[in-house]
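Chain lettering (A, B and C) follows the sequence in which the chains are written, and residue indices restart at 1 in each chain.
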Amino acid sequence: METDTMQLHKLVDEALPELDTMIGWAASYDPLRTTPIFIREAKSIPRLIWSPFCAQNLTGYLVKPPALKPADKHKRIGICVKGCDSRSLVALIQEKFVTRDRLRIFGIPCRGTVDWRQVMRQVPLSHVRSAKVEDNLLIVDDAGGTHKLNLEDVLARKCLRCRYPNPVVYDALIGEPTVSRITPEDIYRDVEALEKRPLEERLAFWQSELDRCMRCYACRNACPLCVCQERCIAETRDPKWLTQRMGIPEKFLFHFIHAIHLAGRCTECGECERVCPMEIPVALMKEKLNKIMEEMLGYVAGLDPTAIPPLLTFNPSETGI
Amino acid sequence: MRVNKFLNNPYLPELATVQKIIQETANIRTLMITLDDKKKMREFIFRPGQVGQLSVFGAGESTFVINSPPTRKDYLQFSVMRVGEVTQRIHQLNAGDQIGLRAPLGNGFQYEDMKGHDILFVGGGIGMAPLRTLLLYMIDNRRDYGDIMVLYGARSPNDLCYTYEFQEWKAGGVNLVLTVDSEFPGWKERVGFVPTVLSEESPSPHNRIAVVCGPPIMIKFVLFGLKELGFEDHQIFTTLEKRMKCGIGICGRCNTGSKYVCLDGPVFSYEQIRGMAQEL
Amino acid sequence: MAGKIFISIDRLTSTLEKLSAKIDLWIPASLQPDKRELTGFVPYHAGIVPILDRQSTLPPKKILLPQVETLLRFEYRKDPRNPLKGSVSLDDKTEVRPALVFGARPCDAKAFLTLDRVFTNGPYVDPYYLERRRNTLFATLVCRQADEACFCSSVGSGPADTEGSDFRVIPVDGGYVVDALTEKAQSLFNSLGDTPTQHQEAQARQVVEKTSQHRVGDLDLAGSTGAFRKRFEEDDYWQEMAAQCLSCGICTHVCPTCYCFTITDEIKNLHGERLRSWDSCMFYQYSLEASGHNPRPSKLNRYRNRVGHKFSYIPEKYDGLIGCCGCGRCIRSCPVSIDIRQIVGRLKENACESE
């Protein structure tokens, strides 16, 4: 990891003169988490890191207001992306939210990022002093001593089913390409496990999960492709779609409309699930819709910058239907 | 378990009935209402410039200045521009309909301090509404105030409110200057943007208080104009507008810095505004 | 003080059970069986396991300020003789039940002091909040589980603070010594536990003393009003501090001192309700005016307003009271790990440098 970080520093340093801003990850108050950093001067480059704690998808900053756009039209925006994040970039390029030649993409093959909440579930940590990943272990030092946890027990759920660990678009690659943790047949196993359950159980599952939903809209705001956020149906009063009540019907409606708006577009970056303060597996809904997209239309989002997501176009000779 | 009927609930509106409606312009209506509780209506006191939260139950509440003066209390008057969810429903009300009112809220004009001064009112479009209450109050107490000039403008003659009152204002000892943005057939008064006509009229700042209300862009240029004429910040007053909900300084949203427009305002002097956080 | 009892660990459940028969009891517990790390305050019921060894993910704010509540109900009636005339009747009856919050922390209880000032000490008093406040007791732990995001000492509180609490719950060997701090607290705990032994009382004193000396949070974030005003217009500062913000609203939802709300009407056919529900200053729509103008159009304006509200405007209005209890929930739950301590701390530090 250190060599990857050093390589990243070197490449960013070289590229900086032609960049307006470089978006990457930096250390935060907690060794298990990182915070985004926006670099404009060489002196800040040493703060850039790459590690399995760099969970956040940074591509949202390119489109959410105020979207980062170079003031000087000869300059570009540099951005670090993992495999999943690079697919978000492709989706943004497809829908013309960003143009490829205005980006300088530092792609990083990734074997998974740590979900700090899962770590806390295994060991209630306090005053974490350091954390690192070695082979298949997460080694954490806190006030209670040193803890060694199985990496697979603390990776984000999306990482365990990731089939694109290598960036699908990049200008420079940091580190070596890697292999997926999952076989193609198992990609939708979480969705399939839920599908096998009887209808009443599925309903009870979602009612129980959504009951915790606080309507904070973090999932919506963190999604790079959810672009109506300042005019979201969940909040507009004219026309009015939802009341302010905290009932299951309101939350169902918000979550399902949000998921349907993403059908065929969602690149499964997992941000929605990562940010949720109530740990609701909201990404499952989008995975289900993506499964339908793949089975019915043979389409996987965020791979080909020249493709058009099937629900955004009309193809008279649609196969699969 | 306790079931409470709160004795003094500032969120609970008084029921009121719409008595009369005047269609001022295409999208502005004036409502004249009376509180259903006759005793409360008789005892209702307020300062010019204070506001009320009008409720249309089912649509919500919206804030409007009480634009009738406390000296004319047969009814309480509100002028409403149709822009959103609640005002849409207000425009669908008929005489005899019941609505809710939470009033008076806010600070109102310091009309006592304005005694003995000359007054300049500058209004644009519906901005005349808060000015009207103070203007009529001053007309009803004419001897307390000096020269009163009203400069009132709108985009077109059809966008002027209270046209039926202009004669009365003049008869009350007011120098009334009306203007519209461009020429219109049959229009005999001034033509030009309000800030331009202000410069042309060039009222003296000496011992004069200016009260300005209208669209933000008009206020901005009128302020330039007033400063050029020699008005100081403490001589200029305006009313600020913000999205409001509770109207009683609790829900947090109408703040500009540490000032709540619903409690510390909506009337502010320009001197106060200069000292506030610049997020208007 | 007369009201001191000792509750042993193995008698905790039965004691809580007895309490819940007398009063609505809220305790911190897991919000999902397989997610022990996700906790909040829930109504006690048989079989629930209180989680008292760490701060809860969600604060007890909703007990005094529910996320949604009905302010009033309205009903339209038509006059059959005059179909154009509609009349309305209003009803603001509200049910408030006495409640006890057991297992909150000093930061949680202290936070309500800010809400008290806003809701009950202004020119207008919020009767809904006031009634709940009058009928709710807080049994607050002496806190020894501060983590790296906690900073209660930086904002005028501390891990043994009792302001806003009715009982102090002191962890000792084998259980808790519970101390009644207010008059209304005294009666509730009678016959619920044994009188503590001398040894237990001594240990309790020791725990309190040691904890009071422990400083949680290195910075001193009081007195930031002037520094904030100085940097208000410094766009570069807010850009640097809040560019990572997603404007998502999590911080306001998990914060014990955030109270901003909206009021909306819901109607079906001829009757409906006026609801009060939590809102967030982080949302674009929060200050969006009907004309389309928004005085805080950018997330940077909104984040600046949030910091200003807690560390500048509230202290200015309420004799220096800081509108933040230092619980650190916003830092822990923020998806991009924005650290408000840094932002406020650097306000003062750099403001000095620029002089």
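The rule is simple: a contact is a pair of C-beta atoms (placed from the backbone, for glycine too) under 8 Å apart; a residue touches a chain by one contact, two chains touch by 3 or more.
A quick note: this is a predicted structure, and the numbers were derived from the prediction, not measured.
Participant: Compute per-chain Cα centres, compare each with the mean of all protein Cα atoms, and return the closest chain.
Facilitator: Of all chains shown, the one whose C-alpha centre lies nearest the global C-alpha mean is C.
Participant: Quick check for the class: compute each chain's Cα centroid; which one is farthest from the centroid of chain C?
Facilitator: With centres defined by C-alpha atoms, farthest from chain C sits B.
Participant: Consider the two chain pairs A-C and B-C; indicate the one with the greater count of contacting C-beta pairs.
Facilitator: It is B-C, judged by the count of C-beta pairs in contact.
Participant: Calculate how many whole Å lie between the centre of chain A and the centre of chain B, each centre taken as the average of the chain's C-alpha atoms.
Facilitator: Comparing mean C-alpha positions, chain B is 50 Å from chain A.
Participant: From the mean C-alpha coordinate of chain B to that of chain C, what's the distance rounded to whole Å?
Facilitator: 38
Participant: Please tell me the distance, in whole Å, between the geometric centres of chain A and chain C computed from their C-alpha atoms.
Facilitator: Their C-alpha centroids are separated by 31 Å.
Participant: Do you know which chain C residues sit against two or more other chains?
Facilitator: 262, 264, 266
Participant: Scan chain A for residues touching two or more other chains and write them down.
Facilitator: 237
Participant: Can you list the chain B residues in contact with two or more other chains?
Facilitator: Correct list: 60, 84-85.
Participant: In the complex, go through chain C and note every residue touching chain B.
Facilitator: The contact residues of chain C facing chain B are 71-72, 74, 76, 82, 84-88, 90, 92-98, 118-119, 122-128, 131, 135, 229, 232-233, 259-267, 272, 274, 276, 279, 281, 286-291, 293, 295-296, 301, 305, 308-309, 312-313, 316-317.
Participant: Under the touch definition given earlier, write down the residues of chain A that touch chain B in their complex.
Facilitator: 237-238, 240
Participant: Note which residues of chain B are touching chain C in the complex, please.
Facilitator: Touch residues, chain B against chain C: 1-13, 15, 57-62, 83-85, 87, 94, 96-100, 216, 241-243, 245-246, 248-253, 255-258, 263, 277-280.
Participant: Hey, which residues of chain A end up touching chain C in the complex?
Facilitator: Counting only chain A, the residues touching chain C are 28-30, 33-36, 38, 56, 60-61, 64-66, 117, 120-121, 124-128, 208, 212, 214, 216-218, 220-222, 229-230, 235-237, 243-246, 271, 274-275, 277-279.
Participant: Provide the residue numbers of chain C that touch chain A in the complex, in ascending order.
Facilitator: It comes out as residues 31-32, 35-38, 53-54, 57, 67-68, 145, 147-149, 243-244, 246-250, 253-254, 262, 264, 266, 275, 277, 280, 283-285, 298-300, 331, 333, 335-339.
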